[in-house]
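Look for chain A in each of the two complexes below; its partner is chain B in the first and chain C in the second.
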Partner chain A sequence: MSAQTATIRGWGFLAPAVLWTLAFFIVPFVVMGAMSLATLDGRTLVWGLSLDNYRELAGQAYLARAIAVSLEITLTVTLVSVLLAYPLAWIIAYRVPPRWQRLVLLLAILPFWTSYVVRSYAWLLVLARDGVVNQTLMGLGLIAEPLTLANTRFATVTGFVHFFVMLLTLTIYANLVQLSPNYRKAAMDLGANAFQTFRHVILPLTLPGIMTGAFLTFVLCIGDYITPQILGGNTELTVPQVIMVQLGRRADFPLAAALAIVLMGIVTLAYLAMARWLRLDRL
Partner chain B sequence: MPWAYALALFGFIYLPVATLVLFSFQNGSLPVPPFNGPSLRWYGDVLGDDRLVEALLNSLMVALGSSAIAVALGFSAAYALARHVLPASALWRALLIAPLTVSYLIVGLGLLIVVQRLGLGLSLWTAGIGHVVINLPIAFAIIYASMGAQQQNAERAARDLGADEARVVLLVTVPMLAPAILAAFFLSVTLSWDEFIIAFLLTRFDVTLPVEIWSMLRSGLSPRLNAIGSLVFLVSVSAVLLLELTVFRKRRR
Partner chain C sequence: MTYRTFTRLAATTALAGLGGAAAAQEELNALVWCDHTDPALIEPFEEAHGVTVNLREYEGTGAALALLEQSRPGDWDVLVIDGIDVFRAIDAGILAALPEEELPTADFFPEVVMAENNSRDGVTYAVTEKFGYNTISYNANAVDPADMEDLTRVWSEAYDGRISIYDYYLPVMGLAAMAQGIDTAAIDAEALGPIGETLAEMRSRAASVAGVVAAQTALATGEVDIVVGGGEWLTAVLAEERPELTWTIPSQGAVRWTQSIGVLEGSENPDLALEFVKYIVSPEGQARLATSSCFWGMPANAAAGDVLTDEQKAVLRWDDQEDYLARTQLYPAPDTDLDIEMQDLWLNTLQQ
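Take a look at the complex of A and B:
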């Protein structure tokens, strides 16, 4: 087989996947970008190079508000999830006997495989006005009236944190078990106490893993529609919720496209801000 | 102290699932305390619901079909890039991985705009195309990462013994990479099976299970939703345990 036929054959193997990605990902993406620069004249679409949609994003209070709400929720969720998951991953990696670790880890992330729509619904059951939490608290005599838990930002954040605690426990655990135990032993031998060992040795060594998990959380959280829609209700809207409103009720595709581009811009900024810690190639 | 923390967090992690499953056995029309039961009436109700069963079959079809295509394309591209010297290979790798870096919402929105501009109809096919887009990068990455030198030697040996390219790929490479190919396939199936936003944007009359569940949700809390949710959970957990016991166990040996 000559080198040339080998190369031609290589292209043959590569082409289907590349063409698929070009046709169904790159082309739609470019069209969406062009759509964000188009405008609506009544119900007719006018293609062009107008920045009207982006101007509207800055000008309309509810659109700017949605971006702020999305950012606030996403940052809260990312921070809380990391803070909750790290100790659990630590306990599994260092306190649970090695032969049980895989089982405990599997148990810790089993509810991860609840259907995605159903998971938010299950939290709605827990947080509803006559749901488990309220009835338990009232049964214990801790509160007289049911608390409003569902249809609040608290519910959205709880639903998200539940999902991402499992995801982050997995990624941080994977990071911790890769560390050689010699680092801890050396730090202890040199007189560091448990906290100093954590603060100056383990934490810096696991930072890339934490950041990778945090970035993943950020990306998945800010683009999610279901969780805020089911748990947060319509009290305040996130960017994906506003996109869906534009698509559905108002059929304003240009504005929806512009919002999607902004969403991508935010993710890109987050990536740049965290790039020096990220090791995405190691995922 | 650490055990109390772990226990509390496990409580948090299992609270919604436990509530979901417990009240799927509710003998009454509201899935909230107090619990009456157990009763299997909602399971009977769900399994007798034609729309739900149809949506379930649709989901299964889209998941299996789109995963098969994603894995075939992903394997082919991985084979091309791992075994052939092609110009700009870093660019092709980046292109194939690119859809991973974008929200599902954006993938779905882009496809929706194109489908509408072209005046085509929405169907399970369009949702399936969207699912291939999101699963292709994952399948490619998993299979590409496990293409090593040991299979290459076996491939050379097969070629020296006179096998043509098709036989080399189908009789040597594919069987040697079976664990990675299976893992990619199962992962794609679970992701597609559970995917909501692309399926929601790109289907119209025939819908997948998550979309059907979503439209049921609009009429409020109901033990029917608990029953269908518990069934889906059971299926997914069985798939995960099966994968853990077969593919990953073998790989560790």
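Take a look at the complex of A and C:
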């Protein structure tokens, strides 16, 4: 095969992915960027290079608050999900007999099979004043009055964690089962105890799985609208909720696009931070 | 039968079949609110005309206008729209003229004919189909009903943490304005100061700011006892099972919502679309729309009273409508600049 033929064949294999990325990422991104620089004159969209939307956003306290709320919720969800998912993945990978692992994994991802919206409303009922959680706590005599759990940040975080623990469990489990048992044996032979083996051998080797899941969690969580809308009770708004408000009545796509660019900027900064401090290049 | 005859017959039969299928597949595409998706409302029309009505729900006039702008002319035939936003659809040139003489507006409750909203320069573009109130819904077993007759007591300290606010800034700011003695039609930039103070007070007492389903769930589960901005549309569907969930119009009054229906310009089935509009505003259509499984509301056509049962009219509080209509004001209908200011105020209040 000549070099030219190989090059053409290489481009042929690459073309579908390039076209896909171009059609469903690059072009929409450019359109969104251009839209954020347009303005609305009544109902008429005026294309241009105006920074009015960004100036408008810079002057609004609600946006700064929405960014803070989004980041606080997302970081909490990511941290809690990792802390819960890692032991679960560990147990499935090392404590559950191999013949049962598939079944246990299936059970772990069972909640994925229900509708995201239905699951969120189910949590609303579980966390209600007369819901299962409050009834149980009161039945055990731990509280005298029902706690306010629904329509709070706690409810939003709970709904998110329920979803993302499943996702993280899968990514971490996939990483754990690929590790050769020889690493652990070698560490033990060299005198390391179980904790030292985990701390200095297993954890560093499974960091790529953790980081992949954590970054997916971060991206999906910060861009989610449904969960905070249903479970958070709108007592504080995230950036996606503010975007939806711009679209609902006024259909202010330029302002919504500017907000979306801001959201993308946050995700990009998060990625760069992870790449710098958490060695994302190892993934 | 020769082979040729057979093939001709087969072809003729197939074409007839296709023709029949084509006739059976005549479709009407309507952009609607959820109350129009009740099969009890739509199926009688489909059966009577042998057509299929494709319904697409939307939330927010902006979303509907954006969808229509992105569609080809003729993709959509019918639009249901917030009564105060008909002017936006007329401005956008998306509504076709309706033959006023074929609409039974003479039978309507006079306050909701709203010719000034539904027509321009003597041409009618839409017709009111349903109305109701954004007012105070509450659990009569959990609050003092006498308190619910005064807006300032509704969001007082006594009900701290027991309130949900309906998640739509226009009616809620209308209620806040009325609590301040400001007419909804008189809301301007200057009035936003006192309205903002009331909103902030309301927000400080609220456990949640909720959409239709969330507000209904919160009230039904006891998460809250009061929904500011609620009304018959929130509690009427629960009237049979939970009669304690009720609503009132306080002494300061409340906000009146209306929804209108019209035929879209460029519709490929304008006659069928007009028939659909006429069906919806007919007494039978109005009775079904008023008691839709999604939400109940008063029919614009008073003649629907002959079709509704006494029980249904009792839930809708048919006999009180004269008083309610006199004591309520239409939604605020801000121009673009004021709308932006109102929305910013709303967002800033929610984020406090």
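What we mean here is this: the second predicted complex is superposed on the first by the 239 of 283 C-alpha atoms of A that agree within 3 Å, B and C clash if a C-alpha of one lies under 4 Å from a C-alpha of the other, contacts with A are read in each partner's own complex, and residues count from 1 in each chain.
By definition in this document, contacts are C-beta pairs under 8 Å (C-beta built on N, C-alpha and C of every residue); 3 or more make two chains touch, one makes a residue touch a chain.
Bear in mind that the values here come from a model prediction, so they are computed numbers and not experimental data.
Q: Touch check for A:253: first (chain B), second (chain C), both, or neither?
A: both
Q: Is A:28 touching the first partner chain B, the second partner chain C, both, or neither of them?
A: First partner only.
Q: Would you sort A:153 into first (chain B), second (chain C), both or neither based on which partner it touches?
A: neither
Q: Which partner chains sit in contact with A:95 here, chain B, chain C, both or neither? Use first/second/both/neither.
A: Touch status of A:95: first partner only.
Q: In the overlaid three-chain picture, which partner chain does A:42 touch, first (chain B) or second (chain C), both, or neither?
A: second
Q: Once the structures are superposed on A, label A:230 by its partner contacts, choosing first (chain B), second (chain C), both or neither.
A: Touch partners of A:230: chain B and chain C.
Q: Is A:131 touching the first partner chain B, the second partner chain C, both, or neither of them?
A: In the superposed model, A:131 contacts both chain B and chain C.
Q: State whether chain B or chain C is in contact with more residues of chain A in the superposed arrangement.
A: B
Q: Quick check on the output: what are the common chain A residues between the chain B footprint and the chain C footprint?
A: 121, 124-125, 128, 130-131, 230, 247, 253
Q: Chain A touches which residues of chain B in the complex?
A: Listed in rising order, the residues are 2-3, 5-6, 9-10, 12-17, 19-20, 23, 30-34, 73-74, 76-77, 79-81, 83-86, 92, 95-96, 98-99, 101-107, 109-114, 116-117, 129-130, 132-133, 136, 140, 159, 165, 190, 194-197, 201, 209-210, 213-214, 217, 221, 225-226, 228-229, 232-233, 236-237, 239-240, 244.
Q: Mind listing the chain A positions that touch chain B in their complex?
A: Touch residues, chain A against chain B: 1, 6-7, 9-14, 16-18, 20-22, 24-29, 31-32, 35, 84, 87-88, 91-92, 95, 106-108, 110-111, 113-119, 121-126, 128, 130-132, 135-136, 162, 165-166, 219, 222-226, 230, 240, 243, 247, 253, 256-257, 260, 263-264, 267.
Q: Which of the residues in chain C come into contact with chain A in the complex?
A: By the definition above, chain C touches chain A via 59-63, 65-66, 88, 91-92, 161, 164, 167, 170, 206-211, 213-214, 217-218, 221-223, 336, 339-340, 343-344, 346-348, 350-351.
Q: Can you check the complex and tell me which residues of chain A touch chain C?
A: 42-43, 60-62, 65-66, 69, 121, 124-125, 128-131, 148, 150-151, 229-230, 233-237, 242, 245, 247-253
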